[in-house]
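In what follows, a single structure is set out as structure tokens and then discussed.
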Amino acid sequence: MHFAADYWYVALFALMGVIFIFVALFLAWLIRPHNPTPDKLMPYECSVRPVGEARVQFRIIFYLVALLFLAFDVEVVFLFPWAVVLRELGSIGLGLLAWFDMMLFIGILLLAWLYAYRKGMLDW
Amino acid sequence: MSLTQLCERLLNWTGLPVEVWVGLVVAVIIFLFMTVIVLAVVYLFRKFAGFIQLRLGPRYVGPRGVLQTVCDAVKLLAKEDIIPAEADKGIFIAAPLIVFLPAYLAYIVIPFGQPPHFQPKDLNLGILYVLAITSITVVGIITAGWASGSKWATIGGMRSGAQLISYEVPMSLAVLVPVLISGSLSMKDIAEMQGDRIWYWNAFNISYFGLAFIAFVIYMICALAETNQIPFDLPEAESELVAGYNVEYSGMRFAFFFLAEFSNLFVVCAIATTLFLGGWYAPLPFLPDDGFWSLLWFMLKTLTLVFIVLWIRSTYPRVRIDQLMEFAWKRLFPIALIDLGIVSLIVALR
Amino acid sequence: MKRNSDSGIGSNYPWHKQRPVIEEPRPGEALRADRLIVNMGPQHPSTHGVLRMILTVDGEWVVAAEPDIGYLHRGFEKLAEMRDYDGTIFLSDRWDYLASMSNNIAMSLAIERLLDIQVPERAQWIRMLVAELQRIASHLVFIAAYGLDMGAMTPFFYCFRERERIVGFFEALCGARLTYHYVRVGGVAADLPDGFLEELEKFIPMLQSGFDEIDELLIYNPILIERTSGIGIIPPHLAVSYGLSGPMIRASGIPYDVRKCHPYLFYDAVDWDVITHEACDSWARVWVRSQEMRQSLRIVKQVVERLKEMPAGEVRVKLGRSIRPQKGDCYVAIESPRGELGIYIVSDGSGKPYRVKIRGPSFVNLSIAPRVLPGVKIADLVAILGSFDLVMGEVDR
């Protein structure tokens, strides 16, 4: 069997999900009132007229978090295949080697984490 | 012509394989199940929180107020739909879809009971698929905050973006522990590895010296953060950001956020049950756990976890953003990594 | 869709065209984030009424905060000039609607000093009793609301359960639950009803255990301590120079309490302590209030003892149909739950006050907000502003 044989199911579910959403929105559209006024369409800002735009440049720390996430989440993805086969490798006597290899990889990333920590990247 | 014949004729006429039709029916059933479970969990939560908080909760709609959440759903359906003039229309409309779809798709691999009858489909990448699909939610939430054009929503969206991605890393590391122990990514295999003895369940298995239990705790903490529950409900902190990223949404669009939030709560607890608490198995071998019994056991365990989460929700105050982020990166991440390292050593030596 | 209307709040439609003046980034500051100008309030869950804070935020951090008040202005000082002295008491119910009894007492004391009359002893003890019960009720509301600000919903209901019982006692006294109008010029409106003191005695231990529950649920909750300690620090010198009073100044380590420093009623005849805390932060302000409730309960116990010994009797001086004090002025301050509540009355000898000035403690306490708020996070802003225990009815009057 092809390894991806079952994944058409996900596509089917996604399709159905979109259909459900549109059915629900259509039902709502049938019965809901529609009466927009300028005040109603004003963005919420505690009942005061907003000043300035909402979409501005945010503090750099948010983007740093995204970068960190990228680095470490990719690391986790690399860990997954290793985690699946480690038990098998252990049964043929390669377990310690595989473990050590991955610890080397994790160790390097932990160094990166430590660097980020010391640099204050994790401080808010 | 009997009904079976009619169905057969219809099937032949469409020319689609039978599995597709079965899949469609399952999709509808899962959607209904999701809706019902959310309505039930919300109702039970309101009752439960009411009893914790010295009040009675919903009482008037239906016997003991059971229809209250149904009424709320109908109300949301009939509510005026407002798209602010400032909003970026296209992505404003798309955001609830992006949040709702992953919540719905995550149900595919959950073994609600003994497979294959109670699991929609056992994908071979099961748990990785769930992690991948649920991490799409964050895109929807940031999009919602950004598209609304309201400052509170923008701040809420940025906050939740930072929060959700930060807690995803320790969560994935915690999930790796049961994967290591069972050597498979399929939800069915992971549950079957644990079997029907409570002392073989991952969370309570003493041959891992309680390390798997630490992973379970880390997973549950991250689950709280991923589903925006108190004490980690910063993205929608009511007293600070009013409602956070969904402040501009109303009616059915808001309902999708709401549905996704409570559905995600159920899903993360269901995954915790599968990974750490033996899935659909009974805690002791002589207890029945086949057929509908398995469904019962699974729901019992999952709802217990849901109620622990809701209990925490109605007890604790909220943490602050810096505490939240530093807790994820400075505490949970190294603990989860070390935990994983030791468990993998045990597995490798065995 | 019609996008422009010439009237009302939406008249200047393209709001984003009205960009605020943002200074150009200095060299080397190119990565600095844009600043948002956000209005927090008047319709915001954690401004406790209709306070509007104009915030300049940079991501999650507050750069500047400016309180904008006046949404609840009803002109009490001017209204008081329009009616006779008796009539000003019921206005006072509505300044600080969480502590109407204290307001009643302040107004009555001021008018009595103008009139130079002696109030019956029993009335004075009853005033003390209701003032302390009111303090407990008000602090309970504060703790409840503070819990909500911090995202904890459950303590709210526990606090309100206790407050509800106190309000029940007030209802037995005067029939009202919020605006009592119980303390009048020359005494109190009526003597205690039968069995009131016995019921109150039964209630005191219940309240004591209620306090313990609230302490456990909220005050000593590790998350709350983590969140509120070390933020919103008001050093003692700053507290004095801004004229803070009440729990705000006592949480900065200064034992200033009008009841101790300038005793009125019989506060020097009962045994109680002024609670202070050295930490000067938000948690200290919460803690001081939670301990003050216990002190108030101590006072209530002693007052109940005294009142039981006393025979029921005269509780109000007979005054004529209209009160006409001598020409002159006076300032009377009492310790309301929020701090020093001062009333300054000028009389021109007629039946109506010439001028009434209210020194609302919330108003004065709010004045330090622009000083302590810049530099904190938005979440902390709620934690700090909440710990001020503002009642907008008193700020705006």
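Of note:
Going in written order, the chains are labelled A, B and C, and every chain counts its residues from 1.
Going forward, contacts are C-beta pairs under 8 Å (C-beta built on N, C-alpha and C of every residue); 3 or more make two chains touch, one makes a residue touch a chain.
In this text, all values refer to a predicted model and were calculated from it rather than measured experimentally.
Of all chains present, the one whose mean CA position sits nearest the global mean of protein CA atoms is B. Looking at which of A-C and A-B shares more C-beta pairs in contact, the answer is the pair A-B.
With centres defined as mean CA coordinates, subunit C is found 46 Å away from subunit A.
Centre-to-centre separation of subunit A and subunit B, using mean CA positions: 14 Å.
The residues of subunit B that reach two or more other chains are 85-86, 151-152, 154, 158, 242, 321-322, listed in rising order. Within subunit C, residues 3, 13, 15-16, 36, 38, 44, 59-60 each touch two or more of the remaining chains. Residue positions 36, 38, 41-43, 45-46, 50, 53-54, 56, 58, 62, 124 of subunit A are each in touch with at least two other chains. On subunit A, the positions that touch subunit B within their shared complex are 3, 6-7, 9-10, 12-14, 16-18, 20-21, 24-25, 27-29, 31-36, 38, 40-46, 50, 53-56, 58, 62, 65-66, 68-69, 72-73, 76, 79-80, 83-90, 95-96, 98-99, 102-103, 106, 110, 113, 117, 122-124.
Only residues 20, 23-24, 27-28, 30-31, 77-87, 96-97, 100-101, 104-105, 108, 120-124, 128-129, 146, 148-154, 158, 161-162, 165-166, 168-169, 172-173, 176, 179-185, 242, 247-248, 251-253, 255-256, 321-322, 325-326, 329-330, 333-334, 337, 340-341, 344-345, 347-350 of subunit B touch subunit A when the two sit together in their complex. Remark: subunit A residues 36-39, 41-43, 45-54, 56-62, 124 touch subunit C in the complex.
Remark: subunit C residues 1-5, 8-13, 15-16, 18-20, 31, 33-44, 52, 58-61 touch subunit A in the complex.
Within the complex formed with subunit C, the subunit B residues making contact are 49, 52-55, 85-86, 151-152, 154-155, 158-159, 230-231, 233-234, 237-242, 314-323.
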